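Given below, in the form of structure tokens, are the structures.
Shared chain: subunit A. Partners: subunit B in the first complex, subunit C in the second.
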Partner chain A sequence: MEIALEAEQLGKRYGKSWALRDCSLRLPAGRIAALVGPNGAGKSTLLHLAVGLLKPDAGTIRVFGQSPYDNPAVLPEIGFVAQDTPLYRDFTAAELVHLGGRMNRRWDAALARDRLGQLGIPPRLPVGKLSGGQRAQVALALALAKRPRLLLLDEPVASLDPLARREFLQSLMGSVAESETTVLLSSHLLADLERTCDHLIVLNAAQVRLTGAVDDLVAAHRQLVGPRHDGRPVGGVAAVVRASHTDRQSTLLVRVDGPVNDPAWTVHDVGLEDVVLAYLADDAQQNRHSEWEVPA
Partner chain B sequence: MIWLTWRQHRRQAFFTLLGFAALAALMVPIGLSMRHSYAELGLAECARQLAATDVTPATREACDAGFYRFTNRYGDLNLLAVLLLALPVLVGLFWGAPLVAREVEQGTHRFAWTQGIPRSRWALTKFGLVGAAAVALAVCYGLGMSWWVEPLTRSAREGRFGLIVFDLQGVAPVGYTVFAVALGIFAGTVWKKMLPAMGITLAGFLGVRAAVAILARPHYQPARTLAFPIEGATETTLERGDWILAQGIRSADGAMVAEDSRIMCPPGGKGPDGRACGAELGLQPGAYNWQLYQPADRFWLFQGIETGIFVALAVLLLWLAVRRIRRIS
Partner chain C sequence: MIEFVLDGRSKVNTYVQLIQQVKQALRVGLLTPGDQLPKVRDVAQSLAINPNTVLKAYRELEIEGLVEGRPGVGTFIRRTLAGPSLANQAELREELVAWVHRARAAGLAPEDVTALVETTMRAALAAEASRGETVRAE
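Now for the complex of A and B:
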């Protein structure tokens, strides 16, 4: 199995604070992966490291086995759409397609023109005058025209309305389905990505909380409801991710390593969103409380 | 890359050329009229005669009158010349500062630097093309100003070494322009927003220019000293166009008696009270005029040194800018 993106103990620091720390993950080729986490979790930093805009301060990151920073051999393999889809706003879409041809050795201008034509994007209008959704489509078309093996999208739908969001994701999936392109797209909203992705990376507070194939993750987690839990180990439970208690009852979200047969607990299957929220919910809040000097 | 640079800057280039043409349309008629008057007053001939050692007092008087009339008519243009000093820094502000800062401010660097070519090549192509355009502009400006300002400098005592006219002509404007552009680019890689980068460029340019002009330029070469007697000295003793750094009157034993002054009396001339020339100022016999100066024929040497300093600073700044660009994400 080829690995498209691999990070080991990866870290990036801005001044004294770590934007990303001890980040280890592997993304097999051909996956469509969601990079999920709240704002400021380090998603953009990870993507910038992957596309070679940033140099790691610790650890390594590899794209198809090569370090991307300052490495001209990797750039043609990666299509990148940065946050807020920045484009030269006074250029027309046709000029941007032309520009891509000048700045890339491998460039499928016909693909970009076909896409933009199908989407009804006006070719002779400065892209600054297009709607946010149309501009995002132009940026995506330009990234796809590179025929990249790895496509990185940083919050591509954050500024779009729900309809444009769905259209954008549909057209993205339509175009990568036939190719072998590996896709990694970030969002702070899981709901955007749940239907489209088969791999998940959860970042929170500069660290990777969870990573793996969606099916495996869903299969490995259960919700247990039962009498108030006193911390004793439960058979078949590898770890308690999140626990909430009332006076008489506990609700646990757990990672399992076998069947849970304890009759005291009622076992429910969980959705992906519950799992992600459980991993996101815990420590960020703790930190905020201590920063405000109030009890948690 | 060349296409991108052209496409991004063509409007800017158009407006710059338009501004340049408008400036030329204003300056050329003034320059022609200045040269016309200069010829009409016979000042070219005067300048040649005054340079010779044996000038008759009548010629001197006629020529001085001519220079006086010329200066009266056109002296105010020196103020205009001060304004023209600002042109190189304008190029730095509007061509240099936005080069990186606008890309980063609008986020488009993430688009440009993730295409197929490495960003060091992006940087070198852009710096090279914009720098070449700036040099071409500056050469035209330097040549044009040399032509325009020539009558003014010829009629001025300090000649081409004057604090403002030296900076306007020759090759020095090329150095200033290249430096301004490089400073703008570098400021943009540090502050990454257009307005702060432009502000820093303006402040930095003025600071460095003033420091070099005031502190460094007088010392490019060891200055010469000239001593000449109070009595019997004439204007011919002094070369027109020398850059006088300091002058004064010294007593016979060399002590400075009166700074920033000069006395010239005809041979055997007496002061107002009938005593020896200068006696009413307390000067003892043997006192002499003294000056520290850079001779006029060092003009091109000084131009070369000045340009070299600014070009070297520009190269340093561009090198730092390329280094910084590698760390911008």
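Now for the complex of A and C:
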């Protein structure tokens, strides 16, 4: 299995604080991966490291085996759309396609024109005058014209209305099906991710909390409902990710390593969204309790 | 050619939903051997879903022997799920429609009709099964 993106003990520091720390992950080629986490978790930092815009302060990051910061030869393999799709706003879409051809060794201008034509994007209007959805489509078309093997998208749909968001995801899924590009996209919109992504990276407070194939992750977690839990180990449960209690009942989201047969617990399957929320909420709660100096 | 639709609120896995729709279309004769399934790219784009999900569904159907993938061309139906019963369905349906009208005229609400059909079907199938066993025992 070819690895598109691999990080080992990766770290990046701004001043004294770590934006990313001890980050280890592997993204197999051909996957569509979701990068999720709250604001400030380190998502953009990870993407900037992957595209060689930042230099790691610790550990390594490799794209198809090469370090993107030290080895610009790998850059043609990477397409990157930064947050809020920055484009030269006074240029028209047609001019941007032409410009891309001058600045990239590998450039499929026909692909970009085809795509923008099908979407009905006006070619001779400055992109600053286009709608947010159209601008996002232009940025995606330009990134795809590089024919990248790894496509990195930082919050590509965050600022789009629901219709533009759906159209963006439609063109992304359609083009990925054709090109077999590996995709890593950061997003807050968990419902979209459940349909589009088959790989997951959860970042929280500068660290990787969870990563792997979505099917495996969903299969490895369950929700248990039962009488108030006193912390005793439950057969089949590898770890309790999140627990909430009333005076007589406990609800646990757990990682399992075998069947949970204890009759005291009712076992429910979980979805991707449940799993992600459990890993994010876990930390948020812990932090707040300690900040307010009250017991968890 | 069929078009897939997804039930966003359903807990059923996306790829399972695609499989179920193909099988349903095969059962009612909407798809027959030789028909082509929509291209992976088109399904991924129109539903905005991961192309790997579509591939997974098509692969599963291939393992079951229902479809075959022809590299570079597409995925085609190999065999049907519509049994010989398909021919009889129109006639049975007509009788059922007449019966539903009678049930409504007798004052049954739609829920009553459904409940009656379900309980009757359960009872009839159980009777059928036990009769089968007696025959075998003899």
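Observations
Methods note: the second predicted complex is superposed on the first by the 284 of 296 C-alpha atoms of A that agree within 3 Å, B and C clash if a C-alpha of one lies under 4 Å from a C-alpha of the other, contacts with A are read in each partner's own complex, and residues count from 1 in each chain.
Please note the rule applied: a residue touches a chain if its C-beta (ideal position, glycine included) is under 8 Å from a C-beta of that chain, and two chains touch if they have at least 3 such contacts.
The shown structure was predicted, so the numbers you read here are calculated from the model rather than taken from an experiment.
For the composite obtained by overlaying on subunit A, subunit B and subunit C can both be accommodated side by side without a clash. Shared-chain residue A:171: touches subunit C; no touch with subunit B. When the shared chain is aligned, no partner comes close enough to touch A:261: not subunit B, not subunit C. When the two structures are aligned on the shared chain, A:89 is found in touch with subunit B, with no touch to subunit C. Once the two complexes are laid on top of each other via chain A, the angle at subunit A between subunit B and subunit C, using C-alpha centres, comes to 150°, given in steps of 10. Of the two partner chains placed by the overlay, only subunit B lies in contact with A:104; subunit C stays clear of it.
When the two complexes are overlaid on their common chain A, residue A:198 makes contact with subunit C while staying clear of subunit B.
More residues of subunit A lie in contact with B than with the other chain of the pair subunit B and subunit C.
When the two structures are aligned on the shared chain, A:30 is found in touch with subunit C, with no touch to subunit B.
With the two structures overlaid on their shared chain A, subunit B and subunit C come no closer than 26 Å at the level of C-alpha atoms. Taken in their complex, subunit A has these residues touching subunit B: 48, 51-55, 70, 72, 75-76, 78, 80, 82-84, 86-89, 91, 95, 98-100, 102-107, 139, 142, 146.
Residues 1, 3-4, 7-8, 106-108, 110-118, 120, 326-329 of subunit B are the ones that touch subunit A when the two sit in their complex. Considering their complex, residues 30-32, 166, 169-171, 173-174, 176-178, 192, 195-198, 269, 271 of subunit A touch subunit C.
Residues of subunit C touching subunit A in their complex: 6, 11, 14, 40-42, 44-54.
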